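Labels A, B, C, D and E are assigned to the chains in the order they are written; within every chain, residues are numbered from 1.
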Amino acid sequence: EDYTSLPRKETLIVENPEGTIKNPGWFNIWVNGGGGVSTGLQQLTMDTLWYIDPEQGLGGAAWDNSLAADKPQYNADFTEMTVKLRKGLYWSDGVEFTADDVVYTVKTQMDHPGMVWSAAFSVQVASVEATDPQTVVFKLKKPNSRFHAIFTVRWNGAWIMPKHVFEKVEDPLRYDFANPVSLGAYKLKAYDPQGKWYTWEKRDDWQRTSLARFGEPAPKYVTYTDPGPPDKRTIAQLEHNLDIIHDNTPEGMFTLKEKSKTIDTWFPGFPFAHPDPTLPAVIFNTQEAPFDNADVRWALALLIDIKAVDMASYRGAATLSALGVPPTAATMKDYQAPMQDWLKDFEIDTGKSKIKPYDPTVGQQIADILRKQPKFKDQIPTDPEAISGAFGYGWWKPNPKAAGELLEKAGFKKSGGKWLTPDGQPFKIRMTVEGDTRSVFTRAGTLIAQQWAAFGIDAKAVPAAKLWQTALQPGDFQVAIAWSVETWGGDPDLSFFLDSWHSQFVAKKGDVQPPRNWQRWSNPELDKIIESIRGISADDPKGMELGKDYLKLVAKEMPTIPLMSYNVFTSMDTTYWTGYPTIKDPYTDPVPNWANSRLMMVKLKPAQPK
Amino acid sequence: MGQSDPNAIELMRQSLRELYGMQGSIWQQYLHFWLRLATGDLGPSLSAFPTPVSTIILRSLPWTIGLMTVSTLITFVLGNAIGALAGYYRKDMVLKAVSLVFIAMLPIPYYILAFVLLIVFGFIWPVLPINGGYEMNANLDLSFALVTDILKHSILPALSLILVGAGSWLIGMRALVSNIITDDYVVFAELGGVPKGKILRSYIARNAMVPQFTGLAMSLGAIFNGTVITEIVFGYPGIGNLLIEAVHAGDYSLVLGLSALSIVGVAAAVFIIDVLSPLIDPRIKVE
Amino acid sequence: MFTIIRDLSRHNMEFLCGLLLFAVIVGLVILSYFSPYGATDIYLLPPDMPPDGEYWLGTTSRGQDVFWQLTIGLRNTLYFGIGVAFLSRIISLVVGLVAGYAGGAVDRVLMAINDSVMVIPQFPLLILFYFVLKDNMTWMALIVIMASLGWSYDARLIRSVALGLKTRPFTTQSVYSGMTMRKILVEEHLPYVLPIVFATTMNNMIWSIGMEITLSVLGFTDIETPTMGMMIYWANAHSALISGIWWWVAAPVAVIVILFLALFLLSMSMNEYNDPRSRLNRMGS
Amino acid sequence: MENLVEIQNLKAYYRAFLFGVDREVRAVDDISLTIGRGEVYGVAGESSSGKTTLIKTIAGAIRPPLRVVSGNVKFHFGGGTQDLYAMTPEERVALRWKHLSYIMQGSMNVLNPVRRIRHSFTDFAFRHMTVSRQIFFEKVAAHLQRLKLDPQLLDAYPHELSGGMRQRMTIALATILTPEFIIADEPTTALDVIVQRDVLTMIRDIQREMGSSFLFVTHDMGVHATVSDRIGIVYAGRLVEEAPTPKLFSLPLHPYTQHLVGSLPKIGDPTTRPSLEGRPPNLAMPPEGCRFHPRCPKRMDICSQKVPPMVTVAPERRVACFAVTGDQV
Amino acid sequence: MLGRRLITAVKDVSFELGDEPEILSIVGESGSGKSTVAAMILGQTQPTEGELQFAGKTVAIHNRAERTAFMKEVQPVLQNPFEAFNPLKRVDRYLFETARNFSAGKRPDRREAEKMADTALHHVGLTLEEVKGRFPHELSGGQLQRVAIARALIPEPRLLVADEPVSMVDASLRMAIVNLFGRLKSELGLSIIYITHDLATAYYVSDNIIIMRKGEIVERGRARAVLDDPQHEYSRALKDAVLAADFSTVG
């Protein structure tokens, strides 16, 4: 046996997009201590009551009762939630999982501000108790039809703590949880003291975990590693040393597709990538003039040539969206397709004329452009349905004339080829972009800024490292490229992000904005929609109608300019493993830092004989 | 991301501010930082709270010191040896060619050279590891295999440093030597028939070492300059990478801690020069 | 000055090579003013075209012509280096000459400052500046910061010459001729340090441009201004090397190497010219 | 007296070809002289007249840009004959220190500053010895004591000694192997007058004791008067006069020598001394004919046309001046 | 970082020059403090203790005006004529600068300055014509030293301080300069402090002499009297060490 001791055939090697972990020995996921979470920790060892898969899920539905035996049970006015738990699940140290663990999790977090879910519980939970070892009853401070969301994993959720470990600890805030006790099918085997890799081993008693319902996980070992920047990832996968790349540059992906015969991708052909249930958009700081004016926002939208942006950022490998919801498979069906007719008839008033800005053929046009490139010729679908699925339906048509009229309506003037604001200053826009961490966004931002500049606006893209913390949170930006919308993915309920768009949560100018609604937009009509959603249950079909009302409202008001899906260039090497999720078998999101990616373990098959 | 309630988030933010000791004005915080620093306490890292900054730094420091010290010393010895020979045997074609190779490397920006090495030996002709300090899933008990692996991973980073660095020692040494050979004591020794090798070693090189040694100490102190780029390019697990990560993470206590460390490092190097100079140059006395 | 250049280029191969290479650089910079494309315009041309008759050095994945992009980037990079060199030369001249001439407490204070600047780890400090300044880190700011980091070594060099000049009898002669300190420094001493200033200018440019390239490649500068480093930054962001767009990286790397070789050869031959002893060594026997 | 050194028609030029300027400095131009065994031969002349160059050429310390253009230097060491410029480098090295020691100008700074003085003795002299190191150093200690130097100084670094001590140490180093021929360039310049006299007496003493020949250079006529047996006067790269010391001072023949001797002020003699006008010639472009003629009070037409040859005018006396020898040659 | 040591270069030295013009020689062993005394007289070094009086007033220099006033009275002659001028500058520059900076009343214009320079050059046997526009390497050592002295004469000082003015020049030049000193004293009524190693020239030119050793004066008096018959033991040793070419001279 080699000193890098693991048999490759039995090991799945996955990119950890967090990079090198600064505090590698920290496994206390309930306190942010610089330890990683996408190291396999939340994917392989954590568990909580429910999961919603961003794609179809295993077991016939996106919804999965994981530790819970059933869906949450609310009382009539949504002030009490009762949860039934599964029996026969065990922690990796042999202690049985019970309702006490759930109660302990909630209470400990409430007692320790500074723990990750502490505040969320404190604000909502009046009391929690275990009425028997398999039943937990939550009493809420005020009605909430979505309280279960905190225990529902999308990317993550409130993970259940092992009571028998933590109750012995003096200060849970300073406890590193070294040798983490696992509730998942894997347990820690080894990790790099420099934080570059973590390896997990299948539990002997994997049958006593919630995942066992779907079968036996195949990989004996799973390693999460930091393979370095995109080029090194690409090289590593070409050499079959990295089974799953979390994300890559579009060019890296094309190279892999070209040079490797063993690469699986979400779409087998162009655009390859998996659309994340998040929606990259041009986000305006609507608290700052002139971006508080919908006419200005619309004018800027009409100056964008989305085809160029698509080519520049994703080189065409993106799914466009004109609507304020990410174009995932589920929302295409639930929202995008049903609203096409409304979009085609949608009109805006420029003050001088009424125009219909929607161009329903953009997706088609992009497919046509791409088909001209010899590299991709055969990979571009021809079926209109498939084209819309891969490239989106339509988008706004560039209309500089209308944009000029809108700006004039807002009091702007053009002089010497340059636009002046109503108070006579040059119209200057600084667009904050993320730099090389998400280079496709940076590319999109620089191009959009250039398109605006070509129209006579002093526009420029400026990169900011840690865009979220330094620009979006403090509201220290004019315009940014980021996402402000994220959905469950597999479920049409929009409350996941929409609830926090209520005007009650918009921070005052200059204050820190909670991490939703970066555009700081308040609108009474929107508040009404949100309040209606709060009053109905999560699976009430009325929710979808309210969702469409929201989409129409933001199309009119344009608080952000939705661009396209956040396409993640995940690639999977089939040299050692097969059975990855793809559009043909979309049982889960292939992006390996989502907690749902645990489903892959049971679907993978070794590709090499033992 | 699981908790979307903005009220909850505000509550959380306040409790974290308390934990991080970020109450009060920025000036109070700054003062607080220096007070702690004076007592050797760098405080907790903000992006890895509550882990102390010193713990995080100490984890990376040995890698940086190891890689940089060894490659600086190799660079020093190599550059000076070739420089001394090339300065003394001015007509030797082999020495001329070797010098030329190193000198040609000298002006190339370090990043570019490292990048080219990485592409050549990691991609075009993939024979050397290009990422990290040792292999993934390595068994970290001290073993011959581990040491070999660590050495293998240090080849490219070290090579890049040596290729770039040797040239300047070489030029400096060659110039020093060609000046020293006209110094009276060397001419006198030649006239005295002292053998050539002896002159080169005990007269020329020995005297040229005086300024070069000072330079060595300075360059050991300046390890913090080179380390950042090397470590980024080769994903080496040292403090340079840590610094960049800290900057990206907005972890100002870690950034300040690393800056403080680098200044202390330089100060220490200067102190070492002062202590050791009399050994190299008897004309200097510590009083 | 002109005769020096003439003599140097006639009798010193290195200088001649350096001068020719530098002429190539200057030529490219001049061409940049005739670029048919705007400096920051992107997606104007078909992307990823390999070098051919129409696009001499090919096009980038951002739809720019590599050749013209190169000329403009080179211009910005070179101006940056010149800016830093100019500012830092002024600081090092003032500090070096005054410290050397005035001596005493003035000297001690100036040299204490000088030594502190000399031992500061520059790269971490620059990153720290970037960390603090963020968007305010303009090119002008970067020039000023770099200049204030890049004078100390040369100031010491100048001071050591100035110390010698101070004890030269002609300085006493000047003092007793009633000249002011300013006059003595500017008219009597400055000519002696000018050759050093020229030679160190080259070294300083090598240093500052190298730093600029590194900072840019790592994305620590304004990404809209094309420079040599920025070209590589964008190429990296588009995985140019592994996706076979090698010309996008090779062209700036080649030009950088030419630029640095030119500066380096010039500085080396200037240094030799400054040092009469090495001049003697050139002659052989 | 038997000749130890014979120098014939020696020419040594500095060739400076630099950045477009091609210059040839004729620092030693056709000099012939002989030095007898046990003789002290002094070379005098004004600054830049080529004294150091002459001595370098005799010592074989040639390095660019200096070149020996023609002429030869012959030694008669150990009964044989050695032609300095026909030897292999190895043979030359073998002569050094054993037969021929050279104390360079600026002899205060010729010791390796970073090593103890003891090592210099090992490097220079020990290789010629067949004895053990211990015996060697006993010999060194005895030699130092003879020069009134404390043998403990061997363990000092050069900078720990005063200028005079360093100079004596260098002389000790040059004489430890009792060479037959010692060459010294300005061995006492920059010394205090009192120290200077001590050093000179010392040199004189060991030279007598060892019976070595001694060639030395200084522009201080007082030193020559004290030490030299015979003096050669150099003017602008040429030997212009040669005479036994007392004769030279009492009856200088060449106008330049006359001026040199005549302008020396003396304690106890308050008479006014004349000063010589004009400037020394540029050796890159020396005047035609006699090089002194532009400043010569006895100048004749021929002086600017022909080079006056060295003529023996009396036993041991040679002079190159048409005013003395006439233009018959 | 290096420690500092206090070196006593000169202790308890006092002497005075009379109103009558005179040449005062200071001789003594190397390092005996001769140059230090000169530097103190020239105001380049501040005495740790004691004072310097000029024309009955204590010399105290605090500002530029006082310095100029002092330099107008006391001027130096430097050791090495080849080094005394900036090789990159024309020598006349120093003459004109001095003329402009030291003349009483308004600053002289170019013509006046040239006239002052020419007058001073005449005192040393040169004319402005010979010197104007020339670089130092274009002049002989004797010329240079004379230009330097001429420059020192422009402010019409009362005292010249010459620290080893002939030790670096040839025997052939030496007498030219020493003779010039004698002439300046008698023609311009200048006092000169002449510092030297060379007892013979001191004897030749000076009126009074001071013999120094280890920072102290060991003997002083009329030059010829002292040197003909030194009293102090060190003076005698010094005189004995002089290597004279003692052969009776002929013609």
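In this section, a contact is a pair of C-beta atoms (placed from the backbone, for glycine too) under 8 Å apart; a residue touches a chain by one contact, two chains touch by 3 or more.
Because the structure is a prediction, the values reported are computed rather than measured.
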Number of hops, chain A to chain E, where each hop joins two touching chains
2
What is the set of chains touching both chain B and chain E?
C, D
Could you let me know which interface, A-C or D-E, is made of more C-beta pairs in contact?
D-E
Maximum centroid distance from chain D, chain identifier (CA atoms)
A
Can you work out the whole-Å distance between the CA centroids of chain B and chain C?
23
Please tell me the distance, in whole Å, between the geometric centres of chain C and chain D computed from their C-alpha atoms.
51
Gap in Å, rounded to a whole number, between the CA centres of chain D and chain A
92
Chain-centre distance (mean CA atoms) for chain A and chain B, in whole Å, is 40
Among the residues of chain B, which ones contact at least 2 other chains?
123, 247
Chain C, residues touching no fewer than two other chains:
241-242, 280
Per-residue overlap in chain D, given as positions that touch at least 2 other chains
63
Going by the contact rule at the top, pick out the chain A residues touching chain B in the complex.
3-6, 11, 13, 19-20, 22-23, 26, 31-35, 113-114, 116-124, 149-150, 153-158, 173-174, 190, 192-197, 199, 223, 225-228, 231-232, 235-236, 239, 241, 437, 465-466, 469-470, 496-497, 499-500, 504-505, 512, 514-516
What residues of chain C sit close enough to touch chain A in their complex?
40-43, 61-63, 134-135, 219, 222-224, 233, 236-245
Contact set on chain E toward chain D in their complex:
29-31, 140-143, 169-179, 197, 199-201, 203-204, 224, 227-228, 237-239, 241-251
Show me the residue ranges of chain A that touch chain C in the complex, using the header's touch definition.
229-231, 234-235, 248-249, 251-252, 254-255, 308, 311-312, 315, 430, 435-436, 439, 442-443, 446-447, 450, 460-465, 470
Within the complex, chain C is touched by chain E residues 44, 64, 68, 71, 75-76, 78-80, 83-89, 94, 97-98, 100-102, 148, 151-152
